[in-house]
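Listed below are the structures to be examined.
There are two complexes below, and they share subunit A, which is joined by subunit B in the first and by subunit C in the second.
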Partner chain A sequence: MYINDVKMNWEEVIEETRDFLSEEFEIDRNLILPENNLKDTLDLDSLDYVDLVVLIEENLNIKITGEDFKEIVTFGDFFKLVRKKLAL
Partner chain B sequence: MLIARNVMESWIPHREPFVMIDNLLLATKEVFESDFFIKSDNMLAQNGFFQETGLIENIAQTCAAAFSYLDAEKHENPRMGFIGAISRLRVYELPAVNSGIVTVVNPLHQLENIYLVKGENWQDGRKLLSCEMKIVVSQ
Partner chain C sequence: MSQRVVVTGIGIYSCLGQNLGEVTQSLYAGKSGIVFDQQRKDFGFRSALTGMVQEPDLKNQLSRRQRLGMHQPAIYAYVATKEALDMSGLDIDFLEKSETGIIFGNDSTAASIIEAVDRAKEKKDTTLIGSGAIFQNMNSTVNMNLSTIFKLKGINFTLSAACASGSHSIGMGYLMISQGLQERVICGGAQEINPSSMASFDGLGTFSVRESEPQKASRPFDKDRDGLIPSGGAATVILESYEAAVKRGAPILAELIGYGFSSNGDHISNPSVDGQIRSLRMALKQAQVTTHEIDYINAHATSTVVGDGSEAKAIYEVFGADVPVSSTKSMTGHECWMAGASEIVYSILMMQHSFIAPNINFENPDEDSARINIIPETKQQPIDCFLSNSFGFGGTNSTLILKKV
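Then we have the complex of A and B:
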């Protein structure tokens, strides 16, 4: 699939996502693991979720809603949602 | 003009001497626009210049008026909004008192009751300040 005109497979999407999340939220990218809690790992407060939505839209070209976040606890949940939205 | 100075206090919760907007000129989903004349006794002016705090407050009040106007268009009660965070702040120039400014706000994203907007103050074609602001609207 193409994201921002770059052809990527699913593994590359995950690596790209780990890159931009670790850079923006200033955390070790090795902490972005499927079993880890997204909110705690990224140290998100309610306002930070807006930044996360913007980042996802800019980097992956998909829209995440408040309703979507209700299903997300871990990075594994998050990656599942991304995969569903990207229809991979 | 959508909301004029003389009725602004019916649309926003702010009261004199803390009203930092005159007229709401435009309010759509994509853009809000207002104007404001800075009087010499403005409480956020110092040494003859309107301060950054005033410009930021002017952006916030532009949002407050526009959100109220858009709520009224939908026959909904106006909601109260609060500044949640300010980021990407750039100050280019401070306007002198006894001059007018125009403010343009673009809503960028919405997540539930949190709005991310980009605000800019302008005077005679010169940008004065720009920032992004997260506004939390009561539900």
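Then we have the complex of A and C:
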């Protein structure tokens, strides 16, 4: 599939996501693993979810809402949501 | 009972330098911070001249969340305030357990608002503006960011009074402390320098177009001036009760002894000699000093015919011909919301190093400036007591008097 005019497979989407999350939230990208807790690992407060929505729109060109985060606990949950939105 | 109010720390980030040492050298050398900025020409400015300050990278000093809410005014103010706190010997551990407030002068956040609104228009979704914009966009951006970063527990607000904002912020901090309501207040002024913040001012045609000679363009009191030059950065002045300063062994740089103010109640942009005289006289009366005790006046003069003329008339009327006067705006340009605070910092540096910084580019007086004692070149001279004027749009006037302790 193409994201922002770049052809990517699912593994590349995951790596891209780990890159932009670690860069924005200033954490070690190796901590972004499916089993780890998203909120705790990224140290998110209520304002940070807004920036997460912005990041996903900018980097993956998909829209996620606050409602979508209600079901997300781990990065694994998060990647599933992204995959669903990308319809991969 | 009225408390004595002293200055225990100063900090500066301006087109004359990024710290007190650099700025002292520039003031002494009579160095201009004015440049030609091509970005302004491309934008459609009538004048491409501006004071130029670099935007510091705070990544190693502040967390992502702390940085997100900061645009130019807060960023510059953070750097100046950190320097002032360090000088004063104040750290976060002390601040969060003490009665320390912040009253900072600021009167615009133009660029951050335009960036946020443009983004919402492009995306047609306000969520995509991001979480930091609201804290950048509000006029109180400086105090909301700095009070959070430095864990301040006292008074906390922004003061907006056009080009007298910085001066009134110091006056207001002075009143808080002298009345016994606060032990310590971080005062100052911040001014963004991006084109968005100054486009409408440029549109009035009041900026100098001497673009071939940027460093000669700001010429307060000179007959051949052709307008002011915008500038910016931030300046911080830490005020403290004398008692609290002595108790913690803080450095005492000066005592603030007089705050005068007035409103012209007349034209929205034209100055008023009468309004300025009332501000000067109020400050002198409150300070209980005679005009002969003032060793130096740091003038508001911005390099406009009407503004400089009116201030020269007011100074002559109140002080006569002898007191030394200079406008540091000849070097900095007009630092607008920041100017009233930065000019206190510049004057304290002169007091500490016993010199009067020059009113550069003062080559030919006009009828008004010929009647007062303008200092065109650096002069070695002790300063025990100085006065600083700030006048703003809307006819808001502020005068501060400080002396050595």
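One rule holds for everything that comes next: the second predicted complex is superposed on the first by the 88 of 88 C-alpha atoms of A that agree within 3 Å, B and C clash if a C-alpha of one lies under 4 Å from a C-alpha of the other, contacts with A are read in each partner's own complex, and residues count from 1 in each chain.
Simple rule for what comes next: a residue touches a chain if its C-beta (ideal position, glycine included) is under 8 Å from a C-beta of that chain, and two chains touch if they have at least 3 such contacts.
Quantities reported herein were computed from a predicted structural model and do not represent experimental measurements.
Of the two partner chains, neither subunit B nor subunit C is touched by A:E16. Once the two complexes are overlaid on the shared chain, A:L47 sits against subunit B and subunit C alike. Of the two partner chains placed by superposition, only subunit C is touched by A:F25; subunit B is not.
Looking at the shared chain after the overlay, A:D77 reaches neither subunit B nor subunit C.
Counting contacts by the rule stated earlier, residues 47, 50, 53-54, 57 of subunit A appear in both its interface with subunit B and its interface with subunit C. Against subunit B, in their complex, subunit A makes its touches with residues 46-47, 49-50, 53-54, 57, 65-66.
The touching residues of subunit B, counted against subunit A in their complex, run 84-85, 108-109, 111-112, 114, 116, 134, 136. On subunit A, the positions that touch subunit C within their shared complex are 24-26, 45, 47-48, 50-51, 53-54, 57, 63. Subunit C meets subunit A in the complex at residues 63-65, 68, 123, 125, 127-132.
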